[in-house]
Amino acid sequence: MRYITRRAGLFLITLWAALTVNFIIPRVMPGNEASAVLATFRGVNPSALHALEIEFGVNVHQNLIVTYFQYLANCLTGQFGLTAQRVPVLTEIISKLPWTLALVGVTTVIAFAIGTMVGVVSAWRRGGRLDGILPPLLFIVASFPVFFVGLLLLFVFAVTLNWLPLSSNYSIGAEPSLSLSFAGDVLTHALLPGFSLVVVTAGLWIYSMRNNMITTLAEDYVKMGRAKGLPSWRIMIDYAARNAILPNLTGFAMQLGYVLGGSILVEYTFSYPGLGYLFYTSTTDHDLPLMQALFLVYTLAVLICVLLADLATAGLDPRTRDA
Amino acid sequence: MSIAEISATTTLETGALRQQRGFARFLQAVLRNRKATAGTVILLLIAFAAIFPGVIARDDPLAAIYGQDLGPSAQHLLGTTQLGQDVFAQLIWGTRLTLIVTVVVSAIATVISMVIGVTAAYVGGVTDRALSLLTDIFLIIPTLPLLIVLASYLPPGSLTMIVVLTLTSWAFQARQLRSQGLSLRTRDFLAAARVRGERTSYIILFEIIPTMTSLIVASFLGLSVFVVGFAAGLQFLGLGNSTELTWGTMLYYAQQGGALEAGNAWWALAPGAAVAFMGAGFALVNYAFDEIGNPALRPVRKRRARTAA
Amino acid sequence: MPEPLLEVDDVSVSYLTDAAEVGAVDHVSLALHTGEFLGIVGESGCGKSTLLFAIAQLLSPPAAITSGRVVFRGQDLVQLTESELRHVRWRDYSVVMQSAMNALNPMKSIGAQFKDTMRAHEHVSNEAIEARSSEVLRLVGIDSAHLDSYPHQLSGGMRQRAMIAMALLFTPQLVIMDEPTSALDVVAQRSLMTQIKDLQQQFGFAVIFVTHDMSVIAHYSDRVMVMYAGQVAEIGATRSIFKQPMHPYSKGLLDAFPSVRGPRRPLIGIPGSPPDLSRPPTGCRFHPRCSEVMPKCLTIEPALYPVGDTDVRCLLFAKSLKDAV
């Protein structure tokens, strides 16, 4: 129980830190970006404008602390103001969220599955000819910038072979519906961006999982498993893999931030209109309200995943149950 | 503990001899390890291109005087850009700034993370918990989104890049350096320093940190792999200074100029490949460093003599 | 004399590293009979644990058996494949390791670890498994309610006893123990040793007990083997070795433990330190530290010479020049 309380505490503190960062940045950064942006907001919904003024410290003639708490209250009720297109920020985010969620969600699950299996097995079967080449190769592929992989795939499959579409999440002119053909269209559009993400993410996970597994294999209880005459697969899974994965689940979750960053770049490369692409356009439009709200969304996503990992660890690792 | 046990733990080694053997063995290990050699060669090539770009690429990278969107040929090894600039020249001349930003960021971030990690480990208590919390916060907050927000407020350019990247990268290795610091905390040579009356800051700077050299170098290398990717990523999105010539800005122009659709693949792929190449160089040396640096070769400290009981 | 239960015949074990080949065990032979308790004693790095794992076929790369046979119940274990070995493991011989905290899987309950062992060898019902598990726990004085406990929930002594209980699941004929008492305080040590001896007398299994502390096995072992630098220095009946150690090393080890009742005398240690096994000393490996060293000890490698009912690897006991060449 104490373990969960501690982790929930970290969740709240980091969330608070991110919210505070959002509050502080417009106020400490040199120049007057914020006021310049807000000056363009004329004749808009007054409460939305007010929320923006509070967030960015423009036209605010009251105590900083009071402003800060008003800002926090706004955030908790989802009042993030308006985008450069005068659409409520929250609405815009919610409309694009499913696309990114689908892309990142599916690729992360696939990458984790591949990463775990390949990592575990490659550590188990050490000493083969591949053993000298595979790990550094994986490390290198894992460190490839994700946009390079994306561009390469685009070049090969979209431009040269023309097998897959060049951009976007569904074909221009297609009507979004729950039909099979639309689903197929979406899938072909998501294939290359998804694949780019999987390649880089899986590479990273295979590498870390393999390292964890190798460390675990040196433990005495693995040797005991062998001494007891247990079948090989059972030792690999029950005695080694389980002990390699579970304590590191939170660590894996923390790498999600890197994956999300990669997803932003992938969406930009493929002009895939999810939150990442939105992030990009917010920079070109100099749309600070949207940008900062997106920053919060991404941070919250990582925090939620880390907390879920913590809960899983608490549930599955007997040692934390008593901690 | 039996007398037999005590006699088993006596060692007598003089510092100088150990250090000599250490360095020679290190050099040998680097040359014998193919990964280290490959990585070092890559980094040397890149460094050469950064220092002497004119030797490799004769053309002025910014001169828009050639035919537009040309494919690779004898005159233009990687073709030309949409504006008629030589891509190969851009690639070579862009190396310098890319390398500088990467190395400066990694160096400063490693120093910061080292100071924070070791201080947290050595001082312990509330300081440790506060610093660890700070590290965790920076580790969880996703890097690219934070980078984007910060960079949007600051004037575009390499200095901004450096500041912003350092701020988001220092946490990367702080945890590992802290664990290493923790394991060293109980060692005898530190107790000896404390008994001599040395200040905490002295102990941290002159006793602990020199012992951790190999981990620090490994941290620097490992960090570089990702810094070069993040820097390029930021510039790719257009948050760099588009008047500066780096691989990232090349990618930005290629994407904006529709390089792939126009069939000018090399313009888009070459800088990306270069980033991957540099990353691979650092990664190889880092990987080899992990192999070499532990446990076969520990960093050698200046004074080391434990006498028989 | 009936056939020995275990015959270790000229076994050598090396660690093959990048830097050098380190001979951890050098041509060791021993014979163990049913129900016999053999103690293997030596300082850290003498190869006793390596020998133990070699016998149990639990070595991992870079360590490997480079010569010799390990004949257990008529079968050379070295020649068996891993799947053939699996039939013999735990049913015929089992292993008790030094630290139960490290040797027990932290993620599985004690009962679960007993269960997967039994399941690996036989098709038995859950009731039978639980009955047997409770039975072995009772043997070592642990309440069967602890079958649902996890290793970290038990005390150090309990964990160690649980490991011994697990080793007796199939009442094997041989139990190999690697310093099982090292992590315990002297009181718990004594209690555990008595328990082990009781169980041995009850079930008649043979024991190989590795330790760096001679006093632990003094009252319990039938025979003692003293190892030094990967070789057998002296081997014989416990009584004989304790009463009159022959090898200068054994003498040194015993001199480090003055009797509680005897006259006071200054403690004498063994000077120097164990050799680097990648470059062992020439001739007798103990010569750099020996108080009775002779010139020929630097060049001639002694064999094991019989002296009464012990064997000693020391040139002092080479009967004639012929023996010593």
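By written order: A, B and C. Residues from 1 in each chain.
Definition applied: contacts are C-beta pairs under 8 Å (C-beta built on N, C-alpha and C of every residue); 3 or more make two chains touch, one makes a residue touch a chain.
These numbers were taken from a predicted model, which means no experiment stands behind them.
> Which chain is the middle one, judged by CA centres?
B
> From the centre of chain A, which other chain's Cα mean sits the farthest off?
So the farthest one, by centre of C-alpha atoms, is C.
> Report the inter-centroid distance (CA atoms only) between chain A and chain C in whole Å.
Chain centres of chain A and chain C, defined by C-alpha means, are spaced 53 Å apart.
> Any idea how many Å lie between the Cα centroids of chain A and chain B?
Comparing mean C-alpha positions, chain B is 24 Å from chain A.
> When the centre of a chain is set as the mean of its C-alpha atoms, what distance in Å lies between chain B and chain C?
About 48 Å, centre to centre.
> Multi-chain contacts only, two chains or more: what residues does chain B have there?
none
> Using the touch definition from the top, list the residues of chain A that touch chain B in their complex.
10, 13-14, 17-18, 21-22, 25-26, 29-31, 33, 135-136, 139-140, 143-148, 151-152, 154-155, 158-159, 166, 254, 256-258, 260-262, 264-265, 268-269, 279-280, 283-284, 286, 288, 291-292, 294-295, 298-299, 301-303, 306
> Where on chain A does chain C make contact in their complex?
127, 219-221, 223-232, 234, 238-239, 242-243, 246, 317-319, 322
> Residues of chain B touching chain A in their complex?
35, 133, 136-137, 139-146, 148-150, 152-155, 225-226, 228-230, 232-233, 236-239, 251, 255, 260-261, 263, 265, 268-269, 272-273, 275-276, 279-280, 282-284, 287
> Of all residues in chain C, which touch chain A in the complex?
Counting only chain C, the residues touching chain A are 56, 58, 60-61, 82, 85-91, 94-95, 97-99, 102-109, 116-117, 120-121, 150, 152-153, 166.
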